[in-house]
């Protein structure tokens, strides 16, 4: 099958990291098409970026109308509902995929994300999905998204400190990495802490494959119905 | 004071109706600046329009940086969180203003909106605001937004039928009109049914004036903090 | 318009402070009628006072049947539902008005109140209004209500310490002052902490004016219907 | 043990019915002291009566300071929190007792009450107690409380019709009778419909005896702490 | 009346302690039949034990089909729903009985239980019952259930430390002892801390007596309907 | 990979149907091991069967300790938490898998299940998972599980009638088939109604593959920690 993994920011180094994370877990016969918006914010941090990245995201999605499923590779799940209105294949945000995966592996999870300003948006998403009650805490490291690209040891130290507190204080049984830019850390942190450390890109790619394999598609009645003349 | 009432769709007849509804209730010394997006959807119906109208909305807001408060005159409250990131004056959506008003006038209200495809987005908003428990039901008339502009008697008949059911079946004690295009119906329906029939434009204009008068502004720490160099 | 701002305790120094806070924000053409119960508790602290202050409150309200709206100036919103049964004008508690205002200015707020014994009642109110999910924490200073009247510097220090913790620990983006006796602190604390510090009296007066200006009244079907012969 | 069962309205025929229902289920060695308020509304229907009956209720409670537990025999549980502030013995409302009993006998129950105006108050109580999720529906018969005293066959027919709908439509597995004035119907309706039909008076009397027997008392820290000089 | 108090683990010293706690509070004319499963886990700690103890529990219940009510004396309320399917008398878990009792004595309670692994199951129960909102926190002492049988002073010290924190940090107004093996500590801890310290065995025995005295039984329509040929 | 799909009832015709549904969607390189309990109920209908099938289920799981993931093929998700305590590979119930899948394809879904007695248990599960808010209604057809095996046209007619009502009345955008015995209907009903009709077996098999491919396992700290000597 063919899967579009679209990064809704314009930073190609992140897109490359995302593409690698996707290909590492995809089925042998899955073709990963990784791309990013051509216009919009360089990183998505908070409500303004979440809103302004959408035209670029929708434009990018329109370039790939032959795919079997679409993964929106931003942990805020920005634009996922809008993309579902223009696609009938499954459309998954990496945030929701990670939360759903965590919910089947642990009774409680915590999220480790980047800036504090992103926390309320993630909490809104968790509430909308119903999964807020499975989430012990959304923890900000106050590391800007693009700082993750630099591979600074201090950055990793902050993430590790938050995971430690999530386990001991929140009683989290699993950790969700709250940014596509952390995709490369999933395996090593999981090994180090001995708990599931869940990356949204890997989760979303595999779950998208799962929905396709199960023969499922986005519902086209109600909220995601096609737009046509009679609506206007 | 000076109030920006911005219609995030491009239909000027709606903007005019909104402007009239705003001026009908505004304080004598309030200057209403009514405008609409220059680009974007002609009406906002469902998740796709909610997402794609935002760049036009943000552009329009930037033209008016000397106002004391901003009202986003779309019942979906699209872009309100994003606008709060670029303004420090109060920013209100007409949906939320109507829900908050209704919550202080009745123990339960129902919403009468346009197309069914808009219902899930409104229900999401109600949940985010915490006010879902005060809302008995969001009812769709399946009248497209722009059809409201035509003044067809059948349109009004459908709205009236839904209000009737909201009162008798949902036990709603107040009615919220779920579209800026219904702003002109508030008074006559309220008189006819003998219950508060609440229009979001009027509610938001008066509440925005109230917040300004009380000396209150949008919080600039956390989710709505200004964007600056250190975030990137 | 004419607004009744009724303090349901019998302490006239508090009524004077409330009257000043009301007049500071009211429209030029609004007449503020500030009064207090003639009988009942000197301060309202906990469930017993909340219950016993009601006859005095209702008596006082009956003296003023020509007003355009009524503000019950006790942060517990005591008697608000009962007053709505005997009035058709808008009736607002200062607690609810502050919560609704905070909800439109910040994604999360904390409340700073007086005695610990009042916290469960405030939490009940937040749950009834649906706004508990917007409230990070209700914090008690353990300062008795009437102690606020003495202007003791230690009192202000305790309030300031709780605000500090609300911002850093609760991640509150706005502060709600949880007692009518704190009305005079709104402006200075707001300036000091750089976040919205919201007083219920100012909020309720401006919101009551807003509802009146928008042509809205208390619903008279259902819970707040007039009492008449057929009910008995 | 000695149990005060206090009817917070002034209708002695209801008090007599309540006393009989209490004595029918009480332990042989329990002394039931049944009384009612000397002043206040003749029946309690909606928020105004709920508020205004409290002084009479508190006065009556003060006459009986040697009892082992107190039952407030109004289905709205009016004044229960206030009475807990002045007593250290267990204090139970008949509404809450019936809801707790129903929760241990069925996965879902419906409430059959008197006037529609009382429904929002009962729904508030269910939410405060956490038991709203166990309650399928609160159904009004629109029979005034005192009409129940007349023994009109039409009255019983309305109650029976609502029970029928609760079972078939709400999928209620148990019925809670939502008024002290229905106490005499518990047994016959239970036999007729073959489901638990739960009266609050019987539930509260037996549960109060249970709490006393288990050696439990009202907590006197926090919300129900005794009032003393240091609070004022 | 005759009451079956069944311990679903196989440890007879716990059964003896439970029997004593039951008899200490039961009515003079109540016959307590205390028994335990003949097969199954020696203690019930976490989801595996909760599941595997059920056949032994159901076997034991079947030996006693002449009782007036059944108490399942495991704080996880394991098998309670299953037992309700085979009994028409009231069936109570000691967890739910304690939570319901606590809800009528305090606005908020905390639970002190044994191992951390049991916490998620107890939290699930509280959510199912609706009473999670009354519970400030479920606290684990990390004392294994059978360790409680040894009377080690260090064990009591840990329990006391958690109660202390529940009162000061959780603002709990009552304490629920979260294990049948703590039944003997109710009175002394209650005296020491001056708050209701609630044991599930005592609560369930007295509440079971209450339901029987009130003439109530388990509903036999819906979830707990008898199984018969037509279902298979 | 190797996947255990275990039917916790003893009806081999159902196991065969489940095996076929699993193999129809599994990856080419996935080995499906389909088995069922050797002892226990022939079908799982309500709380009693849910409890009594567990020993047989756990015994069956123990026979297959070399698998990469385990699917419990009963829509009640019975024993899933217990199985997680004895496995470190991913363990999925078919109910939860279907709910999670539906949540990513539609804003609202309804469940069509067998007997009414199963509805409360499914509603409990939805609440525990947080997904109750995405579920418009759990609808019973009142068809016994084993009746589904007979291929009676009247059976299919009842299911179709409920789907029709779910779409028109509940505004469900997707349908979840609430019994493993309906696995063969997924495709034809999906085609007929033009909405996603989701079978739990297909969903769980593909999601289990997804979790394995993403390198994820069941958390072994907290609720699902291995049992060892120190706990006893």
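When the chains are written out, they are named A, B, C, D, E and F in that same order, and each has its own residue count from 1.
FYI, a contact is a pair of C-beta atoms (placed from the backbone, for glycine too) under 8 Å apart; a residue touches a chain by one contact, two chains touch by 3 or more.
The structure displayed is predicted, hence computed values, not measured ones.
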| item | value |
| --- | --- |
| Contact-graph separation of chain D and chain E, given in steps at minimum | 1 |
| Smallest number of contact steps required from chain A to reach chain D | 2 |
| Cα superposition of chain B on its sequence copy chain F - rotation in ° rounded to nearest 5 | 120 |
| Label of the chain whose CA centroid is most distant from the centroid of chain B | E |
| Contact-pair overlap exceeding half with D-E, pair selected from A-F, B-F or A-C | A-F |
| Interchain centroid distance [CA atoms averaged], chain B/chain D, Å | 42 |
| Intercentroid distance (Cα basis), chain F paired with chain E, Å | 30 |
| Rounded Å distance, chain C centre to chain F centre (Cα mean) | 51 |
| Residues of chain A engaged with two or more neighbouring chains | 107-108, 116, 119-120, 127, 133, 171, 222-224 |
| Arrangement of touching chains [line / ring / star / complete / other] | other |
| Which chain pairs touch, all of them | A-B, A-C, A-E, A-F, B-C, B-D, B-F, C-D, C-E, D-E, D-F, E-F |
| Residues on chain A engaged by chain C in the complex (per definition of touch) | 116, 119-120, 127 |
| Footprint of chain C on chain B - complex, ascending | 25-27, 90, 92, 96-97, 100-101, 103-108, 129-134, 167, 171, 173-174, 186-187, 190, 194-196, 198-199, 202-203, 205-207, 209-211, 213-224 |
| Contact set on chain D toward chain C in their complex | 42-43, 45-48, 50-52, 54-55, 58, 79, 81-82, 84-86, 115-117, 119-121, 124, 127-128, 144, 146, 222-225, 227, 230-232 |
| Residues of chain C touching chain A in the complex | 107-108, 133, 171 |
